[in-house]
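Presented sequentially are two complexes of chain A, the first with chain B as partner and the second with chain C.
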Partner chain A sequence: MQYQRAALVIASPALTQREVEFTKSAWLAGLRPDQRTAQQMREVSVEFPLLSRDVVVVRCGGSVVTAAIATALVEPTPQRPKHGLLHFSVRRLHTERDSPAADGSTQKNLVAFLERLVRTGGVIDTAGLCVLPGQKVWSLTVDVTIMNDEGNCNDAAVWAVIALLMHHRRPELTVRGSSVIVHPPHEREPVPLSVQHTPLPFTFAITMAPTEREKALNHQRALSATGSSSGPQPSSGVGNSIDTASAFAIDGTSPQPLGVVVDPTTAESLAAASSIVVAINAEGQVCTVVKAEGCSIHLKDLNACIEAAGTLAPRVLDLIKVAMEAHDERRKTAMKGQFAWAQKRSGVGKVEQACVKKIKTET
Partner chain B sequence: MPVIKEYINPAGLRLDGRRPNEPRRLALEFGKISGCDGCCTVVSGLSHVCATVYGPREVSNRLEGKYNEVTITCDVVVAAFAGERRREQQRYSRLSEDISASVLDVARSVVLLSQYPNSQIHICIEVLKQDGSDKAACINAACLALIDASIAMKDVVYTQTVGLIEGFDVVDLTTEEIHSQCPSICITVQGHDPTNIVWMESNSRLAPEVITRLVKVAQKASTDVFETALRGPLEEHAATVLRLQANLGNIE
Partner chain C sequence: MSLPPATGAVELASFQQHVHQFLVQNKRLDGRPLDALREPHILRDSKGGDGLLASTLYTDNTGMCLNCTVSGVFGPPPSDQPDEGRLTVDVAAPFFQSHSTDQVAAALREVARFVRSTIISCMDLTELNIINGEACWVLQVELVILNADGGLRAAALHAVVAAIHNMLLPRSRLPNGDEVESRRLRFHTIPVAVTIGVYKLGASGVRFLMDTNAAEESVVDGLLTVVLSDENGIITFVQSGSYSISSLLLTGAVNEFALRSAALRAAILKPSVAAAKINGSKNSVTDPHPLKEG
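Coming up: the complex of A and B.
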């Protein structure tokens, strides 16, 4: 898939308004603008591009998010001397659609969400990052870069962070008294971080307020009733065609408007009345629920979102694990290829032959 | 041997003597601060929050103005003496920004944005004493201050925290109950129809059915709070405002 960036630039508020209107009319017809079903996500791929375990790239349709992690031994804060440090930073590549007034509020919100989910939610056991209480602890710094934004970047960013924390290895230590020896990777195998659980968030867009949805449903029922009421007509040519049309209307099921859609694109985010973020971990527990600004929702909508997220979370987790295994295999292949020259021993053989000749001559 | 605190004793009372489904005592005070368009002081148990509203007024930054809706901004200041431990006096902190984002979410959901195009509504919140959830107290104070400022809103909203401690559904958590790391949600519902969820946040690991149960408990408790603690002061405040307007009419 080739991402054509220039064609998708939203140039002016008028075009944005047209996209929003088209999205809303598509939702009323029970469809989505890009022909997905309500609970269908775009193509998600997780990739570790470098040989080191420090960088991950997550793609969700046209949205691309890159995350990198760095570990360092630092002195802990005086308030919490036995806990490691976790830092998150999010930055966004500048695009022409960004207005000058756009401050970093979206980045700040994403950093706050990551802090709540990873630190407060207990994804990483910060007590396990302590080496010497009060003197040396591990500090993890995660930098998230949003390369391209076509909707649902927050979810992709959190998936990238979770994949990175699962895959990263820190150097092994030897502690004797107050001296700490950091072993490089070729001396000892690095050890993974202790990830307690893996929450994966999913963003849902609420298409319209519940009252408006009920009005739309009643309107469709009224249309169906009007079609059926014209059924009993006298038997004539025109009557036959009317009967056929009304029969078709009765038989055909009119599509219901969509209520909750997953993985909203940029246009769908703008057209949505509200949004819900649900984070589910591998055990099916709900780790975070955030209902943002917009119209009010009902409990059944919330339950529908949680159920859909429970279905989608194992798939994304499987994608992450498959990417980790593929990266490990690629690392092994690269390591083997790194020493392939040693298996060709022609030069060494020649030298040996010369030595053998010398020995024979001497004897 | 770790000492496990007994949050609910065998008689069914909490640490401060409340039943599990009993919220703290709520006291509202309108119009205490002059020079602003709307003001409300909310004392809920031991927590004390003061919110003021300026606006609708002209936008201070022209780039932030929108042609079709109002711009809402929020400043949250947590006093140095608010908590148990004195904290450094800094204008912006992570806690303030987090509370500000939540207050903005609720305000943008409740205010009729299209009524004041090219305008700005500025909300200042000062947390004078912390107890329980700061977000819930600040959201309540901000929404009531918006009512005092006579800004067009969809409904009165109420925010509270609901938790699950030792098998009991506990409403309106205090600081000690929050520190117990119990599963909890913070939820905002509308006054006339508590089934409408305006804002919601949950940071604990919960089973989906527990979330449903906590949401229902929160909605039921909100209905009671509206009837007992919010309706009376709001009606008195409305009567006072109408009486002042009648007096002005007589003078004219």
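Coming up: the complex of A and C.
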């Protein structure tokens, strides 16, 4: 990890404007400011830092997002007595770069997106969280904290929520009539949540409007034509035909402007003409597409984004699964280490282990 | 998010089963084919007075009724964009049952956010600027949903577009005495929107319902809202729901709407013939049964 200063320099509007102008110039030259390719993401890591299964940290380059989940048995709402409850809250650590007048609109948009993706999209079937209709249902509360924002925080937040829902375990229940027995983890193994499918969103930045991109391509074609005509060998013409249909085309002979870039940083988000969020599940199907503001785009750009997200989603899903397996191994090692003292001594009386999580037996 | 359908005395589950039976036979409740749009009728009133710049009443033939009023006041520009004007959108639905207030409020907030972001994408807000960094026009759009029958985002957007297009900002005077010349607002592209429902037909396939009503929105498995520009470019695209769609189906649905977008745009921008009658009498502005042309 690169060295981070303790106090970040306050980015002035002039510096932000210079970054935006540099980003646009780099896009016209077919490059990105941090030398990534158009479809390349920053380094993504998923980590479960605690031994319990309810905290996750997702890093995407310099953006860090933490998510925590809590489960509780509560009484359902009267309107929907057979459905569990799902709550999402998003917080953002305040930095010096944030203006005091900044409202929580980005957090509200992210909460609305999570509600639409997880609840309406059917990631968690809320009917499966019902224990006793009208009396007891499970309530899931997911708390997302954006620790550092260097662009693409919304995607990292949703990846954190999906990883958390896949990895979390709730206590097992025994229902006898109207009495519910909640078994602590040392009595019975906790039960995973029923996750129907795993949509993973990816944000794409549209660098410029399609009409402006075509103008830039025509300009470059004219430049290359005049260059070849004024060259020492006028008979050898430039035979490369520029394919305008491909938004991700990177030609080695003459650099073309980038059309669509994935995983935009903060400067790229400010410089972009528009942005698209595509959520793809493990089978490569589109769960959610959101293109809200900015210029109008072509349908082939949208299809290019869907195809690019289809190739990126399995990688992030593999990262999540590898992190889950590594965390399970770490839990097993820690559990063995807890009882290593018992193998060295004999004749010691049995001591009742206090449960880490205080879960009441409700009758 | 959709507003719940008004089923009257019928239970919602029975009503949904009734709609399911129609959709299984590739029929709809109101007799439309699967790819037909409801024709909007928009009445305009642009008399002005008391800061009111434009007023439109949006109806179609199945009961959607929206009232949109646009007011203009002076105000300071936003601090991060000092050369732009401001646009605020408020949506109210006073006639809905109170047992689902939070659901209705969330849906209305989403509609307001959708309309505002789409209008900002199609209109240059620097036209509302008066003095850079000090004074600008603040357009206040107020939408009152008198009756909702599905496709709320599309209907709200059409009502606002009909009100703001070619709207005259009058000649005014700033509080410090400066004269502000009159100005006519223009869109650089006219957006048209549709709500497309995705209905999963067992294991054999999927059906797309163009321009869903409230009954169909309560039974479909997914919803698309597509906003197209003059050249059929995608301005806004929102797809959500429990059914995952492949990109080929998405492309087909958008192209199907692109074939009908020109006729819909003409219907939105058509000047209403009954405007002369409305100018004569004030009471007929809120007439829920507008006169049909022809």
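Keep this in mind: the second predicted complex is superposed on the first by the 316 of 363 C-alpha atoms of A that agree within 3 Å, B and C clash if a C-alpha of one lies under 4 Å from a C-alpha of the other, contacts with A are read in each partner's own complex, and residues count from 1 in each chain.
In this section, a residue touches a chain if its C-beta (ideal position, glycine included) is under 8 Å from a C-beta of that chain, and two chains touch if they have at least 3 such contacts.
Here the structure is a predicted model, which is why all the values come from computation and not from measurement.
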item	value
Fit-or-clash call for chain B and chain C when the two complexes are aligned on chain A	clash
Chain B versus chain C as contact partner of A:L302, first or second or both or neither	both
Contacts of A:L110 with chain B and chain C, given as first, second, both or neither	neither
First, second, both or neither for A:L86, with chain B first and chain C second	neither
Partner chain(s) touched by A:E293 [first = chain B, second = chain C, both, neither]	both
First, second, both or neither for A:N281, with chain B first and chain C second	both
Touched partner set for A:L193, first chain B, second chain C, both or neither	neither
Touching both chain C and chain B, counted on chain A across the two superposed complexes	99, 101, 109, 112, 116-117, 120-122, 197, 210, 281, 284-299, 302-303, 306-307
Residues on chain A engaged by chain B in the complex (per definition of touch)	99-101, 105, 108-109, 112, 115-117, 120-122, 197, 210, 274, 281, 284-299, 302-303, 306-307, 310
Interfacial residue positions of chain A with respect to chain C in the complex	79, 99, 101, 109, 112, 116-117, 120-122, 197, 199, 210, 276, 281, 283-299, 302-303, 306-307
Contact footprint of chain A on chain C as seen in their complex	1, 79-80, 99-100, 106, 110, 113-114, 117-118, 120-121, 189, 228-229, 231, 233-242, 244-247, 250-251, 254-255
Residues of chain B that touch chain A when the two form their complex	61, 63-64, 94, 97-98, 101, 104-106, 108-109, 185, 190, 195-208, 211-212, 215-216
